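Read through the structures below before going on.
Same chain, two partners: chain A is paired with chain B first, then with chain C.
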Partner chain A sequence: MTAVADPVQSSRAWRLRLAATPYVLLLPALLALAAVSLYPIFYGVRASFHKYRYGLDMGSAGKQNYTDIYHDPVFWQAMKTTAKFVVIAVPVETLLGLLLALLVARELRFASWIRVALILPMTIAPVVVGVIWRLIYASDIGIVNPLFSHLGLGTPDVLAHYHGAFFGLVVLDTWEWTPLLFLIILAGLHSIPQDPLEAAQVDGATRLQTFFHHTLPLLMPVLLVAVTLRTIDAVGTFDQIFVLTGGGPGTSTQLISIYSYNTAFQFTQYGQAMAMLVTLLAFLLLLMIAAVQFIRRNSRAAA
Partner chain B sequence: MSDTPVTTADPFERPLTRREVIKRGAVGTVIVFGSTIAFAPKRAAAASTASSITIGTFQDNALSPIRDYFNGLFTKETGIKVRYHETSYNAWYQNAKNDGLNKTGAYDIYIMDDNWVPEFAAGHIIQSLDKLGFKVNPDILPKGVEQGLWPPKHGAKMKAFANAKPELYAIVNIDDVEILYYNKDYFPHAPQTWDDIYRVGKAKFKPKKLYGWSARGVKGNPIVQTYLPLMSSYGANFVNADWSPGFAGPAGVAALERLFSFIPFMPPGVAEFDTSQEVPVLLQGKCTALTEYTGTVHVIDDPKQSKVVGKINTAATPKQERHGPAIGTFICGIASGSKNPQGAIQYLEWFTSSRIQKQFARRGGSAAVTGSALHDPVAVKKYRWLPAIADAVNTSIPKPRTPDEPKMEDILGTALNEALIEAISKKQGYHAIAQKHLSSAATQITKYLKQQGGYF
Partner chain C sequence: MSPARRRVTATLVYSALAVALVLTLFPFWWMIDTSLKQPVDIFSGVAFWPQHLTFHNYYRLFHEYNFGAYLTNSIVVVTASVLVSLVLGTLAAYALARFRMRLGIDRVALYGVLLVRMLPGILLVVPLYIVLAKWGLLNTRLGLILIYAGLNTSFVIWMMQSFLEEIPKDIEEAAMVDGDSRLSALWRVVIPLAAPGLIATAIFAVIATYNDFIIALTLTSTPSAETVPVGVSTLIGKIQIEWGPMAAAGVVGAVPIILFALIVQRHFVRGLTLGAVK
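And now, the complex of A and B:
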């Protein structure tokens, strides 16, 4: 005897299958994402709760690594230096990038050549950038000391002083990464609708008024995305510092990236290094959530 | 006769169905992966037969003669093929550690920096040479041999290893040690004390033309290497036998004050100097003396790099209370997963033999490890620095033997760099500056060691 399928049940099953299909199809991608992206983070977090000695995993350390870094003044110094670096470098780069983009957005003669020249620093490998600037700043063979001396300003010995080395690093970073902000902002400027700007000009608005009341608000979402991306990147600055100062003099350029690297690979305290990075990740996540909220609110207001 | 379509003669011209494509693809994949899995271990095994050894190392000019000549000579004399893999210092440290921990068998011999030995021996990344039956050549300078012992024979020992008998885990292959380089134009004889160097430096100093002293002042390892020979010669210890830091006492402070006393005669920007900036000052004839490791001997008579060829002499670093050159040898261990440990033993015994070491010293004046090589008349006639290396090794004082030594060095090196910068900017109050920064470093090191456990 053949069973007759219940049409209601079969239709429900069909609908269920239909609803599940996209998730089933997504599963391989989700698994790949979990393996490539999430597992390393999970592994890192797990390592932050382990103790390592003689290159061996000695087992669980509980929250000891977090307690240790909480009481480590060098860690907090590195966090402070990282924050100082980001707070100074990123706004300077954004402002310069904006100015350059505004300059080049107009159809100047040789504008395309200027654009190419402006983005060149960004295309150089960070390690090479570090080497270039180390040669520029070096007190024995660099060009900064003779230049200052020629101008009667003495010899700054940039890398031999705390403030000199720190601002030397900011200058390097500005030179290298302003082009990125310039490019993003330039693209943003090109995407702004021209009608409101033209209307403002017809209404007699000056260029400054047009910029502050129309261009800048329209550009704000792009600027926020650019600043957010650059901030994440700046927090992780490593190669240039490694080559330029190694984190010195003293601890003046020791960003958290350098300190955690040393903790992991010089002092072989992998657990502590991971605790540092997890703490940093938590700070960054909070920062990013705030940035995303801000962008959303801003976009809604602009709309 | 079947009505199946007739296939064309050339299979590549026949259109394939989707099923056939999948089937063939699957078969191809199985063949490729299958053959990889099936043959790879056999290849690896073949590579590690008794007739070959694999050496892993970091890149360093001092090792070039081994790579370019001695490995070939070993093969010629023994028939054992030598594979030699070089990489950068930091990368090699990680590679070697991972290889040893996982016992992959990719390497038989690791060439290491001697401060890796505590971690590599305690973590069983390398094997005990004693247990493998390695015979130490009695001609090797004893201080060099001691660098390969774990736990150490002398000085502070970690609690877990306090009662363990020292075993040889690695054997020195380059006797790298700090020595004094001085210009004969200003020192007719080797200066005996730091006071001698100070007197000459002060008298001969001509701003921008001739400096009385130069140093590595950059934070971390470099400035520690500058300070250690001073510290030891003034009678202080990095750490005492009970792991309490010994440099913050009167002797350590006096040693740092002596370094600061050179500030008026040192090049500007010395706080950012490492070897690559310090040594050229000497080679341009702009400096009377400095301390450096033995790698610099290879450039002092090179007319392409030196303007003072033949004028730079060497000696053990000066003494005040005692001699105290810092030692930092290159040293060889046998990988825990070595597939040919006996071949590796044969290589190490061969390379550290008096006969080969003599050849090593004669080829470019390398820092050989045996007394007979460093005093070999033929080698010394050509390479005048060899006896100074022997003197320096014999009077050397090692750094603390613990896996936590890099952290201790980083703390001290940061404090020394900060002290130097403050002394340069204030130009006075050296005693107080030295006391403040050394005490701070001592406190931090004690705190760190307590946190790590196993010391007090």
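And now, the complex of A and C:
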């Protein structure tokens, strides 16, 4: 070998390095990501087929954990509560978010300040949201009881009653997450071309007609993304409940996240907890894939 | 529309907005209000302004409830994990924004990253707990840093990929013709152009990490590693709740994030919809 590199060789080496570049750039990130997501999930699925006693792995349990949770009424209760929570909260948030967005999507004084104020609830830690509503619902120092008794409606003691606590949680969630739907829908509204809308109104269409025939269909792609992302998030609601009720009273606010958490960390039944979560993941995966599809379609349409 | 009707509409719109604003902001005020009251006043009926203004609840938070330690832990964990994820994620995002790879690896990676972002924390904590216990990383800041760094990477990749795609290729190619390597072109030319996106991404990652509860809750157990949200939750005692310090803790937990949120509000939609809406 001479000291001077062969130009042909070095250019090939250079091209090879260039071809490798994207993989080299991508690999560290993907490894880090896989280590904290794919690996835990893989490990979790494996744990769901193992028996744990006092937190120690006692070896394979076959399908036992899945059979156990299948026959566990509390598990099904938690799944039902989760579904009920999502099915009530998400549509309410979507509707309110849409109304708010329609109100704000016009020439307004202080528009940007109004918008910032309206989205504050979703920026703070969910734990703090739990604290805020605990301070509001508390039967001794709260504001709901005095308000209701002032109106002659008695004292509801929101967090002490089965239905009250569930309803209280839905109100909390609506307060926290309507801003998300509001903000996304507002952005969607701003991206809709105004000309056809004005043309329709010139042609004598009422506001309601233009909304349903023009605005809503154009808003649909954005709405779909927002609603699916929100649904996925709502299924995993944990922090606020942990602070607000801990799942009670009874099992009224015990979503599957809370029940599986307690199964794992209070009763150290990791295997059963993971069997519940793997079951949940099976449902969630459908939603997640749908969300990816909606996002892909939108980004392609925008390109 | 006639002027009279327009005035009626405007009145209705502003009244509706006023109601929405009160419903949105009052709960914050109630927490702040409670945090500034003396214990006796907290129990003496509804008062929308502290009867005897006091900062004693905040004093107690730092002297009796370890909030100095929680804040330190949060700052260390958030800073380190966000920095690591920004470096890893931006490099990966650049690769995804600029190269088409074999077998569509780039697309698979991009949408795989998106899927990871949507996973609820509860699905990850049981296995992460078992694994960290094996490595002796439970209840350490390092354990939290590693996990948050990894999880944030998904968000950084996704956000930065969309910001970087908006920067024309020609600019860095010109720099490379002038003798820059790809990495130095990325560092000298592309990153400065992508700075607003990078800052928005960083702040989003900071908010998400600072606010996270379930991972910190399960993986830490003493004030040597517990973060602010976990600290807030420790104030909910089993027997009785100290309302004043709890309200003060909520305020301390919320304030840094509200400040950050105000800075990035322009980028909010993009961050929250994972770039699906710009």
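Here is the rule we go by: the second predicted complex is superposed on the first by the 248 of 303 C-alpha atoms of A that agree within 3 Å, B and C clash if a C-alpha of one lies under 4 Å from a C-alpha of the other, contacts with A are read in each partner's own complex, and residues count from 1 in each chain.
Definition applied: a residue touches a chain if its C-beta (ideal position, glycine included) is under 8 Å from a C-beta of that chain, and two chains touch if they have at least 3 such contacts.
This structure is a prediction, so every number in the text was calculated from the model and none was measured.
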item	value
Partner chain in contact with A:Phe75 - chain B first, chain C second, else both or neither	neither
First, second, both or neither for A:Asp140, with chain B first and chain C second	both
Touched partner set for A:Val235, first chain B, second chain C, both or neither	second
Partner chain(s) touched by A:Phe85 [first = chain B, second = chain C, both, neither]	neither
Partner chain in contact with A:Arg53 - chain B first, chain C second, else both or neither	first
Dominant contact partner of chain A by residue count, chain C or chain B	C
Touching partner for A:Leu159 - first (chain B), second (chain C), both, neither	first
Touching partner for A:Tyr66 - first (chain B), second (chain C), both, neither	neither
First, second, both or neither for A:Asn262, with chain B first and chain C second	first
Doubly contacted chain A residues - partners chain C and chain B	138, 140, 265
Contact footprint of chain C on chain A as seen in their complex	18, 21-23, 25-26, 28-30, 32-33, 35-41, 43-44, 47, 100, 103-104, 106, 108, 112, 114-128, 131-136, 138, 140-141, 143, 146, 175, 179-180, 183-184, 186-188, 191, 222, 225-226, 229, 232-233, 235-236, 238-239, 242-243, 257, 260-261, 264-265, 270, 273-274, 277, 280-281, 284, 288-289, 291-292, 294-296, 298-299, 302
Residues on chain B engaged by chain A in the complex (per definition of touch)	90, 93-94, 97, 100-101, 119-120, 122-123, 125, 217-220, 267-273, 277, 280-281, 403-404, 406-407, 410, 414, 417-418, 421, 424-425, 451
Sites on chain C touched by chain A in the complex	13, 16-17, 20-21, 23-25, 27-28, 30-31, 34, 42-43, 45-46, 85, 88-89, 91-92, 94-96, 98-99, 101, 105-106, 109, 111, 113-116, 118-131, 146-147, 149-151, 153-154, 157, 162, 182, 207, 210-211, 213-214, 217-218, 228-229, 232-233, 236, 241, 243, 246-247, 249-250, 253-254, 257-258, 260-262, 265, 268-269, 272-278
Residue numbers on chain A that touch chain B, as the complex places them	53-56, 68, 138-140, 145, 155, 157, 159-162, 165, 245-251, 262, 265-269
